[in-house]
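Consider the two complexes below, in which subunit A is the common component and subunit B and subunit C are the respective partners.
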Partner chain A sequence: MIVAERKPFDEIKNMVSGYKRVLILGCGTCVAVCLAGGSKEVETLNTELSLALGKDKIKFGTNTIERQCDMEFLEELDTEIGEYDAVISMACGAGIQFLAQRFPDKPVFPAVNTSFIGVNLDVGWYEEKCRACGSCVLGITGGICPVTMCAKSLFNGPCGGTNQGSCEIDKDQPCAWYQIYDRLALQGRLEQIIEISPPNDWRNQKPGKVIQPGYEERVKVQK
Partner chain B sequence: MEIRPFETKHLDKWKSTLDSCIRCGYCYEHCPVFKDTRWESNSPRGKMIMIYGLLSGKLDPSTYIADKISSCFYCGRCNAACSSGVTLTDIITDAKRDFQGTEFETPGSTSVTNTDCAACLACVRICPHEAREFINGKIVTDTVKCQSCGICVDVCPNKAVATNLSYGTDRSSLNREIRTFLEKDNGKAIIFGCNWSYYPDFQSSVMDPETPPEYKILINMCGGRLEKPLLLEPFLQNAWGVLVACCPDGDCEHDGNVKAKTHVAALREFLKEMDMDENRIQLVQIAHGDKAGFQSAIDKFMENLNTLGPLNRQ
Partner chain C sequence: MKSGSNLEKILKAGHFAFTGEVGPPRGANVQALREKVAHLKGKVDMANITDNQTAMVRMSSWAAAMICMQEGVEPNFQMVCRDRNRLAMQADILGAFAHGIRNILCLSGDHQQFGDHPQSKGVFDIDSMQLIGMVKKMRDEGKFLGGADIDIPPRMFIGAAANPFAEPFEWRVHRLAKKVAAGADFIQTQCVFNMEKIREWMRRANDMGLTEKVAILPGITPMKSIGMAKYMKNKVPGMDVPENIIKRLQGVDPKMVADEGIKIACEQIQEFKEMKGVAGVHLMAIEWEHKVPEIAERAGVLPRPEV
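Moving on, here comes the complex of A and B:
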């Protein structure tokens, strides 16, 4: 899932202090699961802002929709949005942008910093696992992502900085390629470590786009 | 799941113990469920009589009775107060066991999960009683294991966890009490007190004072279910301060004090950011039954609050 962290309170407060009616909008999926932007966090932020900015100076409204990255759920706001002159979104960066795109005349402010794509290790504890590079090599790296876990994001490692299991940048940072070696050895396919992966083309990056097989025609019609 | 017929399988062993309940009613004033509704059938004594009825065949099982019996916060005050040494909470648990899986099983005061659940599993992981499980795409509460502590209510990011029967411990009831009290001329502070340890003793030991106090003690069932917006609500209603009382380290059966400490520490930081004195919100840890300690903590807090004066919100 996408993991986010709430921004410092002062930063949020300063963004909206010039407005009169502000909607605090939560997202009920990834950011809710990582305890950053679901309805509970919306309520907490609402209480804090109401206390800090005075109930009479700014009117705050609250809502949490299923997902801010789906237009059908954003549509639920079509009638309500007119009551506000700004929106604080607690969704990830994608949700915030889709919200801003649907209501282009409304200033939209982020209440969270989108951190990474990661996993849930325990309540409130998350770890980054994927950089969404678009060229997944997990099949030959024993299910350990070198783009995320290696400081140099090496597709073909390790480098000379591997030091008894640690990375040269920090002894507490495990060397991804050391782990990959161990994992492949465990699975009896160590020879795969010497395979050469073609370099990922990081040049001239454009926003990613995915159309799943079978939906090409549908997309063409909508364009 | 297959519905099984109601049998007093687990309750049978308590027959002779129930005979020793002399129905004195000493348990009444210690029970938070009874104190909320003032219904005999919600008191520990009432529960025992219903269980006696089920065992003797004089009462037929029903969801109504199951709801009454499953409404228990396991503070254990009734056990301590019982003049005949009956361990009422053990009997209640066995009654819940007998109701579980029958057509009469109901949640009572145990937690339920509504459709806003995002299946984040936070409640499953954090439940101190291992009462919550993810089964067939849904979070299910084990009505026997659940002790209605409310830790899951606080952790849920989508406000999907609630209790059908909350006996005044839900947010809206507590908010209502906060507002009503602070509207009064001398209403200054809200004290959140834990029912598991000292609050009932404290309450039963004082007569109605001549001048109403400047503070109100609200029973939350555990420090662990004190959500941040609830702790800030008094300030929105112009309270001068909020005191949170919870158990000493290691004493809370639900680790609710750990949660309360985290919340209060974060809110103290928040008050500082707001240029408000952080001491307007404080936490004290009081040992079980230490009513003198609780009172002196309140007095000290109020003394400091009176020095700070009213909250000056722009």
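Moving on, here comes the complex of A and C:
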């Protein structure tokens, strides 16, 4: 899922201080699971902002839709949006942009910093796993991503800075290539990394687009 | 000859190579750089010019390498993967070659977090292994990484680093083999203090036939103080300083610690002269360039052969 962290309160407060009626809009999917921008967090932010800005006569409204990255759900806001002169979105960066695209005349402000694509290690504890580089090598690296988990995104590690199983940048950060070595050794597949991995094709260097097979015609018609 | 560099000639003639190192200034202080280099003149076959080492901004390695050349010392242009993408790397290799630089050392680079711009975006477009392959492709095939022809290819003598002391030890000689396969002509290792371990690593490199394909130069760093030894043991990732080194430094008169450090370094160099598969040593006298002539003298590597 996509993991996000709420922005510092003052930063959010300053963004909306010039407006009169502001909608705080949550997103019910990834950011709700990672406790950054679901309905609970919307209510918390509403309470904080109303307390801090109520004296300035700013009125806040709240809502949380299923997904801000889907037009179907954004459509639900079509009637309500007219009541507001700005929106605080608690969705990830993708959701915020789709919301802004749906209502181009409304200033939209982010209430979270979108952090990464990650996993749930425990309640409130998440770890990055994927940089969405567009050319996945997990098949040869034992299911451990060197682009994400190695601080230097090496394709032929471990480097000389590996520190008894930890990364040189932090004792608490495991060395991804040390783990890759261990896992491939366990599986008897070390020959996978004896070969030199060639320079990566960084497909994430321009705006990404995916059209699944069978949907090309449909996309053409819509364009 | 692949490059015609002095180091390549020294190695080809079968001499025991002796290389040094110079860190460019934190500014445009050319005079300070010339003075550092002057200590090495005639005492080393080549001097590594570090590339923003420990991720601190310094005069660019190719520019400092040119000043080094003007002072009569052949430079080894270090290039890390942290600060440039593949376009900038190839451009700098062409530029360096055009100005007469003939050796390059291909490195990953310390993570930017260690330096004076920890907020910066680390590039790491390609890794050190892929950089070696790219320089070889430019030299031997006359092609850019992207495949286009180069109008007068840069003919570099290609260096790489190896750390025999980092875990997993079993993998280290295989990673060396990968660097050799990628195209490394010479290897400079991490500072050696654990002789037992490097003997074993060299034995494996010999067994795998790697020392016939690549010139290995173990790294030598004389300890200046007990504090330095402890710092390297405890704080520098990938460094292996055995307790006996620290005990030995502690066992001498406090005024003689630095001298003992040099003594240890010279003993190591003596052993490496005899060790099968070792082609020379790389002396990293960190901020101790003025001691290089004395160390070279005491290690019995002077005069440097003319080739």
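The criterion applied here is as follows: the second predicted complex is superposed on the first by the 217 of 223 C-alpha atoms of A that agree within 3 Å, B and C clash if a C-alpha of one lies under 4 Å from a C-alpha of the other, contacts with A are read in each partner's own complex, and residues count from 1 in each chain.
The criterion applied here is as follows: a contact is a pair of C-beta atoms (placed from the backbone, for glycine too) under 8 Å apart; a residue touches a chain by one contact, two chains touch by 3 or more.
This structure is a prediction, so every number in the text was calculated from the model and none was measured.
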*Taking subunit A as the common reference for superposition, should the pair subunit B and subunit C be classed as clashing or as fitting?*
fit
_Is A:Pro199 touching anything from subunit B or subunit C once the two structures are fitted on A? First, second, both or neither._
second
_Partner chain in contact with A:Asn156 - subunit B first, subunit C second, else both or neither_ = second
*Which partner does A:Glu168 reach: the first (subunit B), the second (subunit C), both, or neither?*
second
*State whether A:Gly134 touches subunit B only (first), subunit C only (second), both chains, or neither.*
neither
_After the superposition on A, what does A:Gly18 contact: first (subunit B), second (subunit C), both or neither?_
neither
*Scan A:Glu48 for contacts with subunit B and subunit C and give back first, second, both or neither.*
first
*Quote the smallest CA-to-CA distance from subunit B to subunit C in the superposed model, rounded to whole Å.*
27
*For subunit A, which residues lie in the overlap of the subunit B contacts and the subunit C contacts?*
none
_In the complex with subunit A, residue positions of subunit C that touch it_ = 81-82, 86, 108-111, 113-114, 122, 124-130, 133-134, 145, 161-163, 166-168, 171, 174-175, 177-178, 181-182, 190, 237-238
*Which of the residues in subunit A come into contact with subunit B in the complex?*
9-10, 28-29, 32-35, 38-41, 43-44, 46-48, 50-52, 54-55, 57, 64, 120, 122-124
_subunit B to subunit A touching residues, read off their complex_ = 116, 118-122, 125-126, 155-159, 227-229, 232-233, 235-236, 270, 273-274, 313-314
*Residues of subunit A touching subunit C in their complex?*
151-166, 168-169, 178, 181-182, 194, 196-200, 202
